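In the two complexes that follow, chain A is the common piece, with chain B as its partner first and chain C second.
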Partner chain A sequence: MSNRTVNINVHHVTRVEGHGNIVVNATNGKIEKLQWQVPEAPRFFEAMVRGRSYEDIQTIVSRICGICSISHSLVATKAVENATGIQVSEQTDRIRLLLHYSEQLQSHVLHVGYLVAPDLFGVPSVVPLVGIAPGPVKTIIGLHRLANEWSALLAGRITHPVTLRPGGLTKIPTEAQLRELQDRLRKCLPDLKAVADVVLSVAGNLPKFERPTEYVSLKQTQPPTYAFYHGEIASTDAKSTVAVNDWKSVANEYVNDQSTAKWAKWHRDSYAVGALARFNNNAELLSPTAKAVAKMFGLAKGCCNPYFNSVAQIVEAVHVVEVSIALIDTLLTKGLKAETVAVSPKAGKASGAVEAPRGILFHEYEFDRKGNCMSADLCIPTNQNHANIQKDIEKLVPEILDEPEDQIRLKLEMLVRSYDPCVSCSTHMLDVEFVR
Partner chain B sequence: MGLQTSDFKRQTSTVVLGLGNPLMADEGIGVYLVERLLEVADEYPAVDFIDAGTGGLSILHQLEGRHKAILIDCAFMEEPPGALRRFTPDEVRSMKVLAHQSLHEADVLQILALARRLGQAPEEIVIFGIQPERVEPGPGLSPALAERFDEYLAALRRELTS
Partner chain C sequence: MAKPKIAIFDFACCEGCQLQIVNLEEEILSLLGVADVVEWREAMSEKSDEYDIAIIEGSITRMEDEERIKRIRGCAKVLIALGACAATGGVNKLKNNFEDFEEVKKCVYGKAAGKPHLRTGVTKAVGEVVQVDYCVPGCPIDAKEFTYIVRSLLLGKTPEIPEYPVCVECKANGNPCLWQYDQVCLGPIIRAGCGARCPSSGFRCFGCRGYVDKPNVEAARDVINRYGLSVDDLKTKMVLFGSRQEPTIYE
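This part shows the complex of A and B:
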C-alpha cells in the first residue's frame, strides 16, 4: 500500500486561451483530489449565428476552430441543408468528402508529430525534437504541407473554408489538379509508413493503461464505409445506431462544478470519441495498408488504452490517403461538371454530424421561413471526452502513485494530449515582453 | 506544381499574414487589416496577403521559400489600447505559457523559432503588434483600435514599399 504524498497542479493561467488543469492531491497514500478542470471562457458562437442567414452559417462557425475549421464548416452546411430540405449532387458530396479527408490527414500528422512524438522521444516540444530526429520532423512537416495544400485546393484556402455553401460549392477543382493531387497522395504513402515506423520504434514509451470504455462514433452501412462524413451514431455499448437528429439522447450534456465546459454521458458515466472510437466501431472497414499499420502496432478492435488514440490516428492518416486516391478515381471517371444550385430559404430545424479529427461533432440549427437562424446548438468532441478523461485519471493515478512525481505528471499530461483536445482554438494572440 | 501556383501560390517573395479571429473583437485585428490590404493587392504584385486566421502551425508553410514575412497580430505588450509596435522576433521574449495539451494552442514566436531551426524561415521577419482593448466573443473592433485603423494601414503600406 502506498504512503505517498503527491501534489500535482498542472495549472495554466492564460488570459483568454483556455487550457485544462490537472489537479492531483494525495496525502500518505490517500487520494484527496483528482480533477480534470476546464476553466475556459464561453465563446457564444451559438448566440452569434442567431439572426444570421442560412447562407452565412458555415462561414461564421468556421472561426470556432483553426484546426477543425473544415469539419465545423462541413457539419454546419449539412445541418443547414437538412433543416431547409436542400439536396446536393453526388459530385458535391464526393468533393466535400475529399475535403474532409484532407483535414483528417492534416490534423492527425500534426498531433502525432508535434504533440505526441516529443513525449515518446522524451523532449518537451517539437523544437528540440528537430535536433534529435530531424528527418522524421521534416517528413511530418512535408505531410502537413501536403494536407494543407490539399485543403486549400478544395476549401479555397487552408483554414476557414470559403467554397462551401448550402446546396453545393462555389468552386470545384479541375481534373488536372485532381490528377496532380492523386499523384502526390500516392507518393506520400511511403512517408506515412516511415512515420509509422518511427513511432513504432518508440511506442514502448506509451503507458500501459487500460480502462473499459464506451466508444462513440459515426457508423455508415450504406455502403459500408469507415465513417467520417455520413452515417448514424454508433456505440461499442449498443447494437443499434441512433439517427443524427437524435444526438441529444446520446450526448446527454450536463454541467459539472469542476469545469466550465459541458460533460457528456450515454450508457455509462462517460464515453470517448475520436480516432480510437472510430477504429473500435469500424476497424474492419479500413483500407488494406491502414489495416497493416494497425497490425504492426498490435492495435485491434476492443483496445481501451486511451494512449493508443494517437496510434489510431496514424492508422487513419494512412486510410484517408488510400481512400482519397480511389475517390479521385471515381470523380475523374464520372467527369467533373460545373453545377449551378438554386436554393431558397425555408423554415425548419435539423442537425448534422461529422467526425472531426478529434471525434464526432454535432450542429443543430432552426430557421424561420426567411432562412434566418432562430437557434443553434453545437456539441464539440472535446466536451464529449471531458468526463472520460476524468474517469481515466481516477483509475490511472492509484496505479502509478508510487512512481516519481514527474513521471505521474508526465503520464497525466500525455493522457490529456492523447485525446487531442480542443480547449483553446478560437483565439491566438501574442503575449510579449520587449528585451531590447 | 498546379496546386501551388493556382490555389496555393508561393511565387511572391513577401508574405503578409493576418493572424487572429475576427469573431473575438480586437483579437481579429490582423485579419481585418489583411482584408483591407487585399482590396489594394494589385498595387503589390510581389506580395501575398493571407488571412491566416487561427491556423497555428499552418503558417510554417506560408513562410517557407519567402524572402520577407510581415505578421500582423493582436499583442499584449503592456502598452495603451490601440498602440502599434513594429518589432522583430529577436526583440521580444514570449510570455506565453503553452500547456502543449492541444494543437489549438499557438505561440507565433515558437512557430517562428521552429521555422528557423528547420532552415525554412524568411531572412526578414517583421511583426506588427497591436495592443487590444478587449478580447471577447463578438465581431468588430473596439473604438481604441477602430479609430487608428487607417494609421495601421498606412504603417503597413510604408513597410511594403520600404
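This part shows the complex of A and C:
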C-alpha cells in the first residue's frame, strides 16, 4: 500500500452539465476523505408545480434540464396522462418515440464527442481537437446538427419542446419531412461508424477499472424492444420487473450531507443507470449494426467498468438511428392523419417513466378534479447515480494512489464524466479537491 | 488589438442556453477567431479571472451566489444576462409565489430540509443583484439573436432587440390566432424576436422572453373579453415565466 499524501480538490468538475466537486485527502497512504459533492443551487421544481394546470406541467419541468428537456417533457406528459386518465393514439405514441430517439442521439453525440473525447486525446476541450482531428470533429458536428434538426422537426424547437400536450401533439410532421429525415438518417450511419472507429483507436485510454454493480433500466417485453420509452423497471440484480407506478420501492431516495441532490439505493448500497445499465439489461435487443459496434469494442453484457458507459452510448447512438429508420417506415405505411385533441382530465395520481439519455427518469403527479397539480415527485437519473459514483471513487482511489496526482485527478474526473451527469437536473455537482 | 476575452458562468438554471451556444456548431469556431473564450465550465477545462465580457446564465438564489456574481461583475467590463433565468428570473421565480420557503424546502427534501446546504433565498434575476449591460431573452435563448448581440458588441455597436409583441411575428408567419382554438396565448404582451416559434407549432406563447417594455394592456384586455375569459385566466399563464414582474398588466 502506498504511503503517499495526496490532496485533490476539483472544485466544479468541468465538461459536465451542472456543478460537482471531487475531494480526495490521503495522508501517508491513509485515505481520510473521498467525496463526490453536489453543491448545485436547488430549484425546488416539485414545490413550484403545485397549483399549476395539467396542461402547463411539461412546459415547466422541461426546464429542469436543457440537455434532456425532451425526456423531461415526455415523461411529464406521460405521467400527466396516466394520472388524469387521458389516452393517446398509436400515431402520437410513435411520433413521441421518434422524438425521444432524436434526443438520445443528440445527447450521446454531445457527450462522447464534445465532453469525453478531449480526455481520450489528452486535451482540455473540443477546441484543440479541431487541430488534432479535424475530420472526426467535423463529422461529430454534422451528427450533432442532424440530431438537433431532427428534434426541432418534431418538437417545434431544439430545446424545451412545444409540440407535446396531454392527449396528443400540437403539430405533426409531413410525410415528405419524414422521408427526408429518413434519408438523412440512412446517410449518417457511415458517419457514426467513423466516429466509433476513431473512439476505438483511443479506447485504450479508458481506465481499466471494474466494480460489480447493480444496473437499473426500463425493460420492454411487449413487443421485446431495447427500451427507452415503454416498459417496466428492471435490474441486473432482480429476476422480475417492477411496475413504473412503484418506482419509489426501487429508488429509495435519501438526502445526503454531501449533496443538494438526493441519492438512491435498491438491492445494494448504490445502483447505476444510463447507457451501460440499458445495455446490461437489454443488449440482445439492439439493432444489428449496434451489436456489431459493441462487439468491435469488446463490450458485452455484464460489463461493470463505468468508463465504458461512453462506449455504450456510441452503441446506442447507432441503435436509435437504425430503429428510427424502421419507425419512420411504419409511420409512412400507416399514413399520417391529422388528429384533434379534446381532453377532459380526471382527478388522479400516477407516474411515468422514460429513459433519459443518462438513465431512467421517473415523474409522479397528483391532480385535483379541475386538473390542477396537488403534488409532484421527480426522480432524476443523475440522482440515482450519485451514490454509485461515490462507491466507485472509494474503490478506485486506493487502486491508483501510487500514480501521479495529475493522473489520479484525471481518472476521477473522467469517472464522473463517464456517467454523463446532469447535475442541474439532479440539482448540481462536480469538483475534485486534492487536500495537501 | 488583443482579442477580447469572454467568460461564461452559470448559476441556478438548466444550462439549456449554454447548449444553444454549443448548437451554433461551426459558428463557435468563427466566434473563437475574433474573441478568446477563457472560461466555460460546461465545455472546457480552462479557468480564468481575466475577461472583458462576462456572459451569465441562470438566476441568483443564494447569498454565496450573490457574492460570486458581484465578484464577476467586478472583473468584467461588459456583463450579459443570458436567457430568461438570468434576464428576468424565468421559471425559477415560480418559487417566489410561495411565501414560506421552509415549507417549499420540506415539500422537496422532507425531514432533511433543515440541512444547511439546502438553504435558498428569494430567486432574483441577475439585474436585481448587479448592473446588467445587455440581456439575451428567451427560454432558451435564440442562437441567432445571441450571435447578433455578441457580434454587435465586438464591433462596438449597440445591439437592438425587438420592442414589439410576438403577435407581430406570428401574423407575419401567417398563423391562425391560437385564441380561436381555446388557447390562452400571451403573444399580445410578450417581446418578439423568437420568430413566434411556439405559436407557429400550434403551442400558445407562454412568455419566456418577458414582457415588451410597454405592453399594450388594453389590447390584452380586449382579447380576454372577446373570448369570455377573465384576468385571472391570463394570470395563470403569465405566472410561468412572469412571476413577480407583471405589475402593469393586471393592476
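Methods note: the second predicted complex is superposed on the first by the 417 of 436 C-alpha atoms of A that agree within 3 Å, B and C clash if a C-alpha of one lies under 4 Å from a C-alpha of the other, contacts with A are read in each partner's own complex, and residues count from 1 in each chain.
Criterion: a residue touches a chain if its C-beta (ideal position, glycine included) is under 8 Å from a C-beta of that chain, and two chains touch if they have at least 3 such contacts.
Note that the structure is predicted; figures quoted are calculated from it, not measured.
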First (chain B), second (chain C), both or neither touched by A:160: both
Touched partner set for A:73, first chain B, second chain C, both or neither: neither
Partner chain in contact with A:176 - chain B first, chain C second, else both or neither: first
Which superposed partner A:46 touches (first chain B, second chain C, both, neither): second
First, second, both or neither for A:104, with chain B first and chain C second: neither
Touching partner for A:257 - first (chain B), second (chain C), both, neither: second
Per-residue touch tally on chain A - higher for chain B or for chain C: B
Which of chain B and chain C A:56 touches, first, second, both or neither: second
Chain A residues contacted in one complex by chain B, in the other by chain C: 12, 14-17, 19, 41-45, 47-48, 60, 63, 65-67, 69, 110, 114-115, 118, 124-127, 130, 141, 144-145, 148, 156-160, 424-425
Residue ranges of chain B in contact with chain A within the complex: 1-4, 6-8, 19-24, 27, 50-58, 60-61, 64, 73-78, 87, 91-110, 113-114, 117-118, 127, 129, 132, 135-139
Complex contact set, residues of chain C against chain A: 10-20, 22-23, 25-26, 29, 32, 41-47, 58, 61-62, 65, 90-92, 94-95, 98, 103-105, 107-110, 112, 115, 117-118, 120, 139-140, 197-198, 200-203, 206, 236-237, 239-240
Residues of chain A defined as touching chain C within the complex: 12, 14-19, 39-50, 52-53, 56, 59-60, 63-67, 69, 110, 114-115, 118, 124-127, 130, 141, 144-145, 148, 156-160, 162-163, 165, 170-171, 255, 257, 259-260, 262, 375, 424-425
Interface residues, chain A side, partner chain B - complex: 10, 12-17, 19-20, 41-45, 47-48, 60, 63, 65-67, 69, 106-107, 110-111, 114-115, 118, 124-127, 130-131, 137-138, 141, 144-145, 148-150, 152-153, 156-160, 173-174, 176-177, 180-181, 184, 413, 416-417, 420-436
